[in-house]
């Protein structure tokens, strides 16, 4: 019975956090893009546009739900549903931290562990094509159809390098479940080089990591691979005909996919929640970062550009200081459980956040591929390289069965 | 030492000439033909010189041909003294006749065809001679039969040639059937076909006083021999076989192939020596054939026919020799006969060639001035065949006759009479051809050197060939039971021979009218003999006609047309069409129908396997 | 619990299966088939075949069916027209099918020996590890053969598609 | 917690039903693509049987077999769909009854 309750609690927490993240991810993206393009980004709604996501959600909910006349109703409604559901599943098997004990209940910082977690992720990625494809086909619009076709072809093509890139860390970990993989990356070589899979002996998986990232861009239909929704060729690709909540579903699905894929990348290559260097020192990274954030806020407050900066920035600074205090407590390991939770979550989120930032950064900088270039790239470069990487990894693993 | 090389050369000649002869041109064909024979002749000489003195048989196992159950037949070649003699005869005489044929066939078309067949014949003949088991011997046996068929039917454009060829082949088939039965019986009895093994097995068995299994085998094999060597019931094909070119008659139908039967009997002598009854049959058949053919020979006017019948009767002599147990004498006669009969035929061929195709003695005469070499070389042959000492024929014939005398005097007497008749008709032919006045209307001319040279060679051989002591050479294999102390038979036979010659001289040189007078005096008897005792007609009436009747009525009209054509062929076709028309409906191209059928089938299978079979 | 899961997904599978047969439009059938596959994957999990379940989703759901849908979209295949030249199939099909299912049912319920009762988690051999071991030792040759087969299939598909282009 | 067991025969029945549904689709559907889908349905039913029996025998050979079945199905889909494309290009129809002659 406790199992149910604990799981329920975990689900609630993860769901809340996840949804908020999705909402704010959009804000973050807009901000980052804006700053890359030396603009200010959303600013009006709330301090620094922090209320923007809520406003967007409200707008999308209250918008008129346009229902095009010549669509295939069932699939037209089914498509966004599929997309968002599949996008939200993956997070449920992602471990955020090691096993903990709260109030005498031992549990993992993870909703549920699956023996074949990676395969499950792959399966979901594979199936999530249907959302896009169906959307494109059912909305009975040539642009949408083209978008759907493109995305299905592209997803199938990039699934191979993705899977092959995933296989090589699996060879190192000898496991399929995320938890086991994360555990296999614990510890350090020579006391300071982390055993993350990108540093893992006998063959560091840097290439696999890069391939995985590239394929991930394609799988999530992000620039430079966002052919399905290339606004200057096909109006908005597969979701041209969608509006209001249904559109919001696709929107959410896209960001959810980003988060999922980055989480998977973190788990597979970046050693999950394991810190960059050994424990007692790495504990102080979090407070340090937060302290710097607070100080920068105060510095901003010193010479405000806009008049309400002088109120908001100190506020943020205070918030960051509080967080710093909490993490100092965690770093001192006064309450072991708390510190475990906080630190592992910090490291995990840090890695994920960096990756997401990379996603946004790429979107801000790179141009879009042409369709044939896309396919060509996938089949003639990415696929062979990943195969080669896999071969080398397998060979080395076979040669050095016992790890250093 | 590779005996198979002996076989290889003629085979190569055959293949080259047979496949490319048309394009190669005469010179190349001649080269291959003669070259191959020469090579194998000299290789034979080399082999024999290496193996000399051949006290023990030398055999060579090339590969296992048939391996089934207890029966194992290998491609085994065997050289002992017997086969050595035969090898020399075949290759030597064969070479001479090849050379002769180059001249004789010069104008014929299908030159390459002739020589390729000739080489093929030599190949099979050598297999026959060299084989060390019955089956391989039978291969050669059939092969030479085939070649004889091909060469007799050489002028296949002509009706008479094809008929003669068919006759030769069919009659031989009858004999071969007996041979096959004998072979199968051998397999059943001795579980092997190898001569050595059979001999060993027979050696342990007692001599059969009356009919027994060995006798049966011996007789069956002898049936084959009568077919191949033209003995009494089955001799009819040989005279007609003269339809082929003369070299063919000389090589195949005088010197080598027809003696295959003799060779076979001598080769399987261990069987016969254990079956006295069979030996008597052989002797009697041989004797009867000898006198019978000789009597026919007297009256023939076609020069080649005369010699053909003399061949038959000479073969009869050989079998007489074998039958009375003088195997060595038989083989001896084979050799001498090969010399002088080849010479006779070649001479005849030369005459015919000189008269551009004329064969009838009545249109010849006085040719000795026109073609002296042919004339005088032929004289040697005639003397040899008449058994006039010291020519070759005398020795061998004398050996046989003395053996016959030792065996049973009456045989000797008949043999002696036959010798006289032989001398008579041979010299009759000679006188008619070369003396008197020329009765023909072609311009006679001597043959080219290429043809006369072989004549000379053979003349020399038939003159001196008798001094080769074959009986002595073969004595270890066949202890000669006729010792020469008893000179009476020799003298008597010589007297008979001389008498025959004298009579011929009297009738055809001194008093030609007398011949006609006697001929009229003989009257019906003469016509009977002239028509070869109507044997062909009898065979025709007794065997051929009924067969034709049965075939045309029962087999052709009844079985073939009635049963097979309508019932099977057309019936099957009709049935197939009917069913096809029905089943075509299935091939509708409707995949869904196919699927339904598949479903039905699988349902049936599952039902039978699962429900009926209880699922286990 | 086990029973409940089974019943739910079995019903889903059967309904979707009927849907595959009954839907007039290919894409509906295809989607229903995906539904069948998904529910079958769950049933595989119940049977302790976790790897097969995932393979089912990845290979069937992710690759094969997407290919189907892709082609359907490419050809823009509309709903099929009722045209029945195959009268034999129309007539004989149904009774044969009934007989077939009847036979199968009979076999399952009477002919087969005592069957186990499926309990989730009572037998967990169907892991990737076990399958890999078996596949690369005992079934190595079939594995190689099947890979050659699929290579040939790829080549064939490419050839046909190339013919499509020019 | 307690899982109430399910008799294996239910699984077998389900696979039988699916298989027969596939056959029915093959026989009664008229679009080539749907016929293909029906084949896939049959294969799935068979796979379920394989896996059910490998549970029965507590051996995973059945899994291997169904894996092979999947691979074959994939190959078949690739080639078959290519063929369908060609047929559609040449005949301009996907009605299976229209495609009843080998030559155009």
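Should a chain be cited, it is by its letter among A, B, C and D, assigned in written order, with residues numbered from 1 in that chain.
Operating definition for what follows: contacts are C-beta pairs under 8 Å (C-beta built on N, C-alpha and C of every residue); 3 or more make two chains touch, one makes a residue touch a chain.
Being a predicted model, the structure only gives us computed values, none of them experimental.
Using mean Cα coordinates as chain centres, the one most removed from chain A is B.
No other pair of chains shares as many C-beta contacts as C-D.
Separation between the centroids of chain A and chain C, computed from CA atoms only, is 33 Å. Once the centre of each chain is set as its mean CA position, chain B and chain C turn out to be 79 Å apart.
Computed from the mean C-alpha positions, the centre of chain A lies at a distance of 37 Å from the centre of chain D. Chain geometry summary: the mean Cα position of chain C and that of chain D are 5 Å apart.
Shared interface positions of chain B, i.e. residues touching 2 or more other chains, are given as 588, 590-592, 595-596, 599. Chain D has residues 1, 23, 27-28, 30, 97, 100 in contact with two or more other chains.
The set of chain C residues that touch two or more partner chains comprises 51, 55, 63, 67, 74, 85-86, 89, 93, 97, 100, 104, 112.
Inter-chain contacts occur between A-C, B-C, B-D, C-D.
Residue ranges on chain B touching chain C, taken from their complex, read 588, 590-593, 595-596, 599-600, 602-603, 606-607, 610-611, 614-616. By the touch criterion given at the top, residues 27-28, 31, 34, 38, 41, 50-51, 53-55, 57-58, 61-63, 66-67, 69-70, 73-74, 127-128 of chain C touch chain A in their complex.
Only residues 588-592, 595-596, 599 of chain B touch chain D when the two sit together in their complex. Contact residues on chain C toward chain D in their complex (touch as defined above): 1-3, 6, 10, 13-14, 17-18, 20-21, 26, 29-30, 33, 36-37, 40, 43-44, 46-49, 51-52, 55-56, 59-60, 63-65, 67-68, 71-72, 74-75, 77, 80-86, 89-90, 93, 97, 100-101, 104-105, 108-109, 112, 115-121, 123, 125-126, 130-131, 134-135, 139, 142, 146, 149-150, 152-154, 156-157, 160-161, 163-164.
Interface residues of chain D, counted against chain B in their complex, comprise 23, 26-28, 30, 35, 96-97, 99-102.
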